[in-house]
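Below is one structure, written out as structure tokens; the observations come after it.
Letters are used for the chains, namely A, B, C and D, taken in the order the chains are written, and counting of residues starts over at 1 for each.
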Amino acid sequence: MSVPSWINAKLVAGSTVILFVVMLGLLGPWIWDTTQARVASCPLNLPPYGFSPPNLTFQPAQLAHPLGTESSGRDMLAVLITGTPNSLLVGTIAAGIGIVIGTLLGLTAGFMGGWVGTLIRVMSDAIITIPSLVVLIVISSYVREISLTSMGLLLALFAWPGTTRTVYAQTLSLRERGYVQMARLSGASTLSIMVFELLPNLMPYLAACFTASVSGNILAATGLEALGLGPSRIPTLGMAISNAVRGAAILRGMWWWWGLPIAMLILIFSGLFLITIGLDEVANPRLRRSEGNAR
Amino acid sequence: MKPVGIAIKRFVFIGLLLSVAGCSLHAPKSDYDRRETVVFDLETRVLAPNMWNPYVPGARLEHGFHQCMIEPLFILNTETGIIEPWLGLSMTSNETLDVWTLALRPEVKWNDGVPFTADDVVFTINLLLKNAPSLLFSGPMKQWVARAEKVDALTVLFHLTKPNPRFKLDYWSVKIANSVTILPEHIWKDKDPLTFKNYEPGKGWPVFTGPYKLDRFSETSFSYRRDDGWWGAKAGWKPLPAPKMLEWVWQGTEEMRTAAMVDGSVDSLCDITLGAYQALEHFRGDVMAWTDGPPYVWLDPCPRALEFNCGHPPWDDKEMRWAMNYCINRDVIVAVAYEGTSMPSKHFFPAYPPLERFTRILEQNGAYDRFPVWEYNPDKAREILESKGYTRNRYGYFEKDGKELSVTVTTHEAAIELQRVAQVVVEQLQTAGINASHRSEAGGTWMDNGSLGNFDARVGWMACGSVSEPWSSMDTFNASWMMPDGKRAQYNIWRWKNEAYSALVSDMGRMPLGDPRIDDLYWRAMEIWLDELPGIPLTQARKLLPFAQDHWKNWPSKENPYSHPCTWWQSTCKMIHEIKPVAPDPGKAP
Amino acid sequence: MSYPLLEIKDAVKHYGGSLWSGQRPVAALQGCSLSVHGTPASITAIAGESGSGKSTLASAVLGFVTLDSGQVRFMGQDLATMDRHLRFNYRRQVQAVFQDPYAAFNPFYRAGHLFDLALRHFKLAASHQEAKDRIADALHRVGLSTADLKKHPHQLSGGQRQRMMVARACLIEPKLIVADEPVSMVDASLRSMILDIMLRLRDESAISFLYITHDLSTAYQIADDIHILFRGTVVESGPTAEVLGQPRHPYTRTLIESIPAPDPARRWNAPLTTDWENEHTEPSTDCCFRSRCPEAAEGCPHGIPGLSPISEGSSHQVACWRANTQR
Amino acid sequence: MSTMRGSSLAYLIRRLAMFALTIWLGLTLMFLIPRMAPGDPIAAMVARISSQAGRVENSEQMIQAWRTRFGLDAPLYQQYGRYLWNSLHFDLGYSMAYFPMKVEDLVRAGMPWTLALLSIATVLSFLVGSTLGALMGWPASPRALRLVLPAALCFTSIPPFMLGILLIYVFAFGLRWFPFAGAYAHEFPPGRNLDFVFSAVHHGILPATAIVVTTMGFWALGMRAMMVTTSGEDYMILAQAKGLRPRRLFWMYGVRNAILPQVTSLALSIGGIAGGSVLVEYIFTYPGMGYLLYQGIVNNDYALIQGMTSILIIGVATAVLIVDLAYPLLDPRIRRGDL
């Protein structure tokens, strides 16, 4: 054990990827002219530098737009630099709020039971039964201009009930464990048992929920954007993809238009996934193989 | 263990399915020949496919219904401005424009063999009058028609409530999209027109006069089979149309629609972007559009504009509207939003040949020297704004009394073209120091917000209406339509009130079509309009409509403008008669 | 008047059956009464076969299950009527050692977490150093070192874990420890060590034990009093030596006979064979153990026999219709 | 003994009361939410009529006539009462945007397609995803597998509609293995014949693949996490020590215990069936309910939205109820006295 246990190759790799995306957002404007992510700021339909698609009538690639441009005159590099962190932000806001609220309510319902638990469960069940699309569209018609934050909050409205339910079920099963009884015998309050005894054991599952939820919410945002109901001036990966779909990018052979944003989505997802696996191994000592032999 | 066992079985099952599907790649044999079929593109899915009543609110017409089953009385050719007779022979008015006489083509028969007569016309009008305002067209009929009177089997007199010089043009001539449908009395006479579906295959319903009969349909595709007993062929008026089958199929997104045409499974497409058309040309050389070279497009009668609510400060000030106008560079909009396939517009009329004369009147009178609508001049905009007391704040936006000059431009969620326009407009306003933003609203909401005046600015199809004469569009600015915010306005949703303009337009509306006095009234009204600029005209509405030529030829084009090319209009009934099969390749066996 | 340390009166507890599986509800406790004396500290054993309601009894005492009827009284105070403050105090006074030393450790934490929890919530130590010392002391008593605190639960052996549990209970210094089969999952070599610790705690720290076991031999070794539990009721109780030496109840005798003796010459009595499920849930109108009573006679009346002293003033009590007539 | 039966019955009664409460709350929300939207369904309808039929001077009168017809001029509480009553009778009324179509007819046309496509795709995705997740979370999985599987999950980050287009492009447009779009070849209208079934399956494969491939990652992630937790449990160590065969250990001890929370999620995912498939249905021009619901929303068609959502609400609530009642059977650790 010469290396501290939290230094885990997967965790480090995943964090590096996510950090890279965050840094893109923070430093992007210094390394690249991100105003080129706006409509009509560049020549249209340029292929990435070094590529010359044989089939269609594209202008020659320019070094000024190394990843090419799309058909509304947005520079793809600028779109990626601003859009990737933006998408991550929307997903994180929605997933973060959803997981936190869902976990709190699920733990409460599972551990306290009674009418509080019933109320929480009825509420979450009712929200689950409602098709979110209806509500999202209705609410989005009230918001003057949809910002990244309001988009994240909107999506968070529907991110919590699922978590509530699964955490509730988990809590029911965990709370009969011996260590919960021990904690009770040690005079721990209900709240402290929920937070210090149950929560850590839910962590691997919650981390997985979070990873899934971040990408799920990015996709949900993409769906809203594809329906034309997202923020239109702030670039996100979803906006880039839905523009590509609307602009027949595949048929036109403009792979850079749809392929690059998807590559960035995969990057975000992989980063979060690595972090999840890494966290599991750090947080759940039994998974550490080197130590497992002591058993 | 159990669910896993099922899982494995599922895997195996799906694997088998996949391999079976992979083996049988050839489309199953159909009972009709693709070479004798014309397949049209359907822009949206039809959610109520078994509804063949053209008058109920849920009715849809553009899936072939009014193209090949319902025939119009007359058809306006937007290219020539000529109204061509179809089921009708003539329709003329008296001097005072309040009695119109319709003469019907004598040889017309419903497709069940019953003759089409003045009784059917009178029956239809009475049906609409009785059920006003719930049925389509019943509102306008109630408004205009006092009484329809049968003179003889082929002649009907319309007694109007007040003079209307456009009675024939607006309602009976497929001016835009469709016209009033005549119903067969012998089928409809005892039915409740609000709930009657008019569909019963066993009885041969729906019954109309068109050369095709309904064959089969689903929510996504509609097939019609040629009725070889069609009255027109029997009477020798026109030969039978060449296609044995017509189909309208919903293909989904632009990408899919275009791919379907590359694939050869569709012969005509509704509007696509330039990029998709280029891809189409790349994959198959034989496609054609309205024009041979760029911009390829046909212009739709509803030009695009940036519309303000002229009742909302600061947009109630015409100078502010002019300032906005100077911020907008229409060439960039055309270049970016349309990829060069449209043209800027200086007014709210479509650039159709019959209207060119009116556009020329404006130019001859030097209107655009005095009112430089096309001028992109941010400096002038700045001057105006500064003269109004606006100053730039630290974010670079204009501000007055601590309030930032901002505007939200709304668009219809389904109108991608207008969203692209709005995005460019917003960027241009932002560059000029106006904090503009853009939002798409759900269709119903957008329409409602429009008529209630619940908007600041929107990109819409302002003043749609004129095709061959200028009054229809001009009247949409008439103060007589004016409603306060929160009350539903039919027209003039922009809440622009100008008495002088309204008086001039009202005068125009009472004159017969083609009256020489109209020109002067027109010019005086337009002078006011341009000075006030209640909305900012942006571009013409273009439609890029590709046709495939591997199975069918003689599609309409700018060189061959026998009809407009939009296949969702009722005027397509003419196109159907004109297209011809490409001669079968003699080398190939049939 | 002085109360016994712990008194259980007419405890009744049912577990609901399931509509779906068709199980009938199970009666875990039906009218069970017993008491544990605190002065001087004593070890009271509760013995019975599995399913006899022992563990439910333990849970009821620890407050993990609420009784359908009956009372658990601690120093005269009814557990059900305690307010927050009293309940917290009760926690402090009544601790437990469970059968399964694996489950008692939160897999997320190192072993020391259990000690920290108790110290923190019961505010047992004024300073960090004091806490350390007390833990070290408690560990020392069970033969463990403080180095083991840093280990993860899965790195400890079963015996180590159970000793930790005992050490934890010592640390808190309660008045009563409920030891629910503390040695049944522990190696034989460690068994005597843990039992020995219990005796030392009784004698040196005045901690009483409610020792729950199915194993009469360990009960015989350490318990002062014993209660034989069968189907949720006490069938025989009294001083351990007396009850096990001269069992009066047929069930007690069966239990004793089923202990394998380390004498190959002696034959092991036939194990208890009955249709357990059926018997357990059948509503009892007969004498409640008739079906398993080797001495059941036609003359046995219906109904549950009450617990009564075998002779005037004796603390050895038995519940059997024939107890007084035979021998 | 009666009290024992009673507690079980009481549980059932309480659970049923919760079920009713959930449905009531869901229905109420779906009554209020569309009415909160700024649009007016009748005005939208009239606007559509007049855009098709030219100018109407008396539109206000027309709107009023339709309002009366749809009962929208009644006070809100009356509308609410009627709505609840009708929902419970599955009397969904007339659609506003597609009058005189009945909501029931519209739904009946779309429902089978959506149900067939999405339920098969969801179940497949659940099974494939959970298996992948279980393999990933299983310490004894082959190393190669543990490297390859995460790559399969990358598809999860692609929007389903985008993947749909790519699939069409490759398999329908390029390789011509599958049809472009639609639910069946229209040479074979729906009926009880093999041709139709074959063509429906043939048409369903691409959209189902798009859904399965893009959603299985979510199941996999959840399953992996549960598997990780489970494989550390003591009973696993015990089972291992007992020398059980790895395969048996994996399925009976690992998967069986880890899959419980997944089953809950599966029941919940039914709710997403209509709403979640809008874009996939759109891309594949599949005649399902998602598009119908979307059209209902953009047209503010209260009747259509309410009719469809009340079906969904009741369906999801029932699925959840069943899972809840079955849960103690699957997981005996959960005592159900503690509702």
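Criterion: contacts are C-beta pairs under 8 Å (C-beta built on N, C-alpha and C of every residue); 3 or more make two chains touch, one makes a residue touch a chain.
In this text, all values refer to a predicted model and were calculated from it rather than measured experimentally.
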Most centrally placed chain, judged by C-alpha centres: D
Farthest chain relative to subunit B (centres taken as mean CA coordinates): C
Interface with more contacting C-beta pairs, comparing A-B to A-D: A-D
Distance from the mean Cα position of subunit B to that of subunit A, given in whole angstrom: 42
Distance between the centres, which are taken as Cα means, of subunit D and subunit A, whole angstrom: 21
Subunit B and subunit D: spacing of chain centres that average the CA atoms, whole Å: 36
Distance between the centres, which are taken as Cα means, of subunit D and subunit C, whole angstrom: 51
Contacts with 2+ other chains: residues of subunit D: 37-39, 165, 169, 232, 237, 297-298
Subunit B residues counted as touching two or more neighbouring chains: 253, 255, 259, 262, 413-414, 442, 445
For subunit A, residues that touch 2 or more chains besides their own: 137, 141, 201, 227, 245, 250-251, 284, 286, 295
Touch list for subunit D against partner subunit A, complex: 14, 18, 21-23, 25-26, 29-30, 33-34, 36-39, 139, 150, 153-154, 156-162, 165-166, 169, 214, 217-218, 221-222, 224-226, 228-229, 231-232, 237, 260-261, 264-265, 268, 271-272, 274-275, 278-279, 293-294, 297-298, 305, 308-309, 312-313, 316-317, 320, 327, 331, 333-335, 338-339
Parts of subunit A lying in touch with subunit D, wherever the complex brings them together: 113, 117-118, 121-123, 125-126, 128-135, 137-138, 141-142, 161-162, 165-166, 169-170, 172-173, 176, 201, 204-205, 207-209, 211-212, 215-216, 218-219, 222-223, 226-227, 238, 241, 244-245, 250-251, 258, 262, 265-266, 268-270, 273, 276, 280, 284, 286-287, 289, 295
In the complex, subunit A residues that touch subunit C: 177-179, 181-188, 192, 197, 200-201, 203, 283-286, 291-292, 294-295
List of subunit B residues in touch with subunit A within their complex: 253-255, 258-259, 262, 272-273, 275-276, 278-279, 282, 332, 335-337, 339, 408, 413-414, 416, 419-420, 422-424, 426-428, 437-442, 445
Residues of subunit D that touch subunit B when the two form their complex: 37-41, 43-45, 47-50, 52-63, 65-66, 69, 95, 97-101, 105-106, 109-110, 123-124, 127-128, 131, 165, 168-169, 172-173, 176-183, 185-189, 195, 199, 201-202, 205, 251-252, 255, 259, 282-285, 287, 291-292, 295, 297-300
